[in-house]
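Each in structure tokens, the structures are laid out below.
Both of the next two complexes hold subunit A, though its partner changes from subunit B to subunit C.
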Partner chain A sequence: MKLKKNVAVSETGFLFNPSTGDSYSINPIGMDIVNMMHEGRSKDEIKRRIMADYVCDESTFEKDFYDFTLMLRNYKLLEENA
Partner chain B sequence: MSKKLYERPIIRPLHTGLMNKFGTRTEYAPMTHIEGASVAGLIEQYGSPLFVFSERQIRENIRSARRAFEARYPKVQFAWSYKTNYLNGICNIFHQEGSWAEVVSRMEYDKAKQNGVPPERIIFNGPDKTEDDLRTAIHDGAPIHIDHLDELYRLSELSAETGKRPRVAIRVNMDVGVYPMWDRFGFNYESGQAWDAINKIMTTGKMDLIGLHTHIGTYMLTPSAYGVAAYKMADLAIGIQQKYGKTIDYIDMGGGFASKNTLKGSYLRGTDVVPEISEYAEAICSALLNAGFQNNQLPALYLETGRALIDDAGYLLGTVVANKRLSDGRKATILDVGVNILFTSFWYDHKVSPAQEFGSHTEDTVLYGPLCMNIDVVRENVTLPPLNAGDHIVIHHVGAYNLTQSMQFIAMRPAAVVIDKTGNAHLLKRKETLHDLQHNEMTPEYLNTFNL
Partner chain C sequence: MHKPRYTIAVTGLNAIDSPGPGLAVIRALRAATSFQVRIIGLSYEALEPVIYLHDQVDKTYQIPYPSAGQDVLFERIAYIRSREGAIDFLFPNFDAELYNFIKLEQRLASALGIRMFLPTAEQFDARHKVQLYEFGSKHGLDVPFAKAVFSVSEVEAAARGIGFPLAVKGKYYDASIAYNADQAKQYFNKINAKWGLPVLLQQFVTGTEVNVCGVGDGKGNVIGAVPMRKLYITDKGKAWAGITLDDEELVRITGKMVQETNWRGPFEMEFVKSADKYYLLEINPRFPAWCYLTVGAGQNQIEAVVNLAMGVEVEPFDDYKKGTMFIRYANDLIVDIKEFEKISTEGEL
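For the complex of A and B:
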């Protein structure tokens, strides 16, 4: 699960897709996840890190991560084979 | 190192220069307390959903309405519109503030009497008064507002039969330049129906015509329409004085003043466009004072304001059941509050606040209720912080009509509490039970058993 290489991510929560010209805002936890995706980390690594950093149980992470990546895919921000 | 507070990850597309159908404003300032009482604590004690009323706000509303009218007119009497909210505790706050009762059915009439309102201070409106209702009202000396000729003739017969003179007013409908014109109640002014009714009452001599009543509509945003109505009512009253030498005791201008809710489709919020009570007062009182009444013949002004006095004092607390993503990418949040208990969500975009602190990021969301029905939509679009299952929300301005028009459907209706001036909650109505629901049910003997 990898973010497209050309997608630009700012430190302040903005994400820009130069292929489409669309920009997005992301909340802080979303930024953490996106940055980890940018680094090419696996879902399990992301889960471990999020659960270590935030007050969050596994099932909450699972369903919210599913929804978040659904939207990333919907906005065509993930690599096709991701 | 302590862990950070978790918030659901969200991504939101940014649109510049485009209209956003979800609106530009956000409504996510959290409301953790109502009049000093904790939302979470109230839900823990009384369950979710829960109707909550602010006693302070109710008293402030009626007092400021009285001030607005009494500062402009010498004889003013408010009557609490029972159909707007007839929880006894709520009615009695208005009665404590000096309001009489205005009822539109026998059930409401009996309720007002049980609450201790003297019958001569219960205004009996409405199109459906049975012969027994009329007999009771005549016997009690309650003012009866006649809606149609059938009622007028029935009263005439009952007067002859009982030997008592009913105290009556006629309801008058009229063109005040507002669409739609409410002409289904009462007698029309322009076509002469109102005068026909007055003439019948005066010539038969069996009834005391004590007042004139109108109610030009509901959620009226144009105060000047009330000025037109007051002028026409004054014209009738002066005409009665001139023709019959009869001085009318009161002109009842009904209700219909808008509350601060936002109507669906309205570009601006209700708080921005709804006139202040003083604007209605100015229009009505000016018209009456300038109508040409002799000094000693100025009628009392009765008002039956409902929603404008109670809507913003009522809150509905609820809980998030679940979140889901719709096929078009919109976020949907399911609440335990359905349209069956929030009937006004069919015509208002109710303000919704989260009841706990959140970050600054928001999502465009559809709010659904828990009913397994497609129509169960509390808000078609609202911008809220990411809500999690179990989070609480506060729906604003729900005090009018929701309790009286609520429907029991698939679950029991919630409790209602009032927060007193010291922040303490008192139960006004406990949550319904299955026993309440089945109390009047009968199952025929042969339907009692089955084999599956």
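For the complex of A and C:
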């Protein structure tokens, strides 16, 4: 699961898609996930890190991660084959 | 390095809610690095705001409306040139005046030494809204089906053939979306009264509005092309904010149009992106009001057009800064009534 190469992510959580001109603000936990996606980390690695850094059980992570990535896909921010 | 100083005349000084491109063109000319400028404003009405922007326009003259004809326009330009000593280049910026200027291009150059860099009359006619569907079919561009209508009695049958909703468009400006035959007739009458015939009924395509501002060199080469998405659209459909896009497909389509038509001069292509398909809605044969964004993105296309006309070698731009935004703003100028009086009575300021 990878973000498109040309999607720009700032340190403040501002995400810009130059293909569509759309921009988004994401919160700190979203930033962590997006940064790990940018680094090419797997879903399991992301899960481990998030559960270690935040108070979060596995089922909550699974549900919220699914919602988050669905949103990224709907906004066409993920690579098509990811 | 010695920079030439050009006197450049510019129309489209109506920086209003549906703005002419004049102010953006002037700002781009003043930002040019290869020449310096003296700007002559050419106005139609005394309340065009840019007339009074003295840090942008050095002198303004009123010119006759396009309906007065080419000879009257030529005489007025000849008078202005005699007052100014020289006019090196002229930027017409309105659709409605372009035909006269295209027809006068050779005459203004040979008799008065005033250069322009405009599409040919054939290019101008071929991309006209009324012909755009055929233009698209000929050049392999997707264009929504459209039909030109010359009488209100034709509207209902034509509209039902296209289906609702549909866009009702004036031949130069204005567009409204009609959801039934009554609305279509109402908009036909309104647009006919303002812009004349024909009125265009066009298949309505929903999606994201994206535009390209570009320049062709007349030999099939793109000198510059910058795609932009409107971020804020006024109730008149004008971009009040926009952002440059990273869109290779739009640049490719633009290149195809320029190559196939040998387009000469500036243009704006208006598209709707619907399900990853680009539908061409219009080609405007001039710079758009947002053309200063091209300067901000690293392509001073306006400067390039002047240099092309002056015979200076122009390297095509090969890149632009993606994610560059423009946000338009409104401002109030304080004007001494003597200035308004002067332009109103003497036709000069």
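The definition used in the following text is that the second predicted complex is superposed on the first by the 82 of 82 C-alpha atoms of A that agree within 3 Å, B and C clash if a C-alpha of one lies under 4 Å from a C-alpha of the other, contacts with A are read in each partner's own complex, and residues count from 1 in each chain.
The criterion applied here is as follows: a residue touches a chain if its C-beta (ideal position, glycine included) is under 8 Å from a C-beta of that chain, and two chains touch if they have at least 3 such contacts.
The structure displayed is predicted, hence computed values, not measured ones.
Upon superposition of the two complexes on subunit A, no clash is found between subunit B and subunit C, which fit side by side. By the touch criterion stated above, A:I46 is placed in contact with neither subunit B nor subunit C. In the superposition on chain A, A:M36 makes contact with neither subunit B nor subunit C.
Of the two partner chains placed by superposition, only subunit B is touched by A:L15; subunit C is not. Contact with subunit B, but none with subunit C, is seen for A:F65 once the two complexes are overlaid on the shared chain.
Applying the stated contact rule after C-alpha superposition, one finds that A:I26 touches subunit B and leaves subunit C untouched.
By the document's definition of touching, neither partner reaches A:M1: not subunit B, not subunit C. Comparing subunit B with subunit C, the partner in contact with more residues of subunit A is B. Per the superposed model, the minimal spacing between any CA atom of subunit B and any CA atom of subunit C is 5 Å. In the superposition on chain A, none of the residues of subunit A is touched both by subunit B in one structure and by subunit C in the other. Taken in their complex, subunit B has these residues touching subunit A: 3-14, 323, 325, 329, 359, 361, 386, 388. Residues 6, 8, 16, 18-21 of subunit A are the ones that touch subunit C when the two sit in their complex. Touching subunit A in their complex are the following residues of subunit C: 208, 228-229, 231, 242-247, 322-323. In the complex of the two chains, the subunit A residues touching subunit B come out as 13-15, 22-30, 33, 52-56, 60, 64-65, 67-68, 70-72, 74-75.
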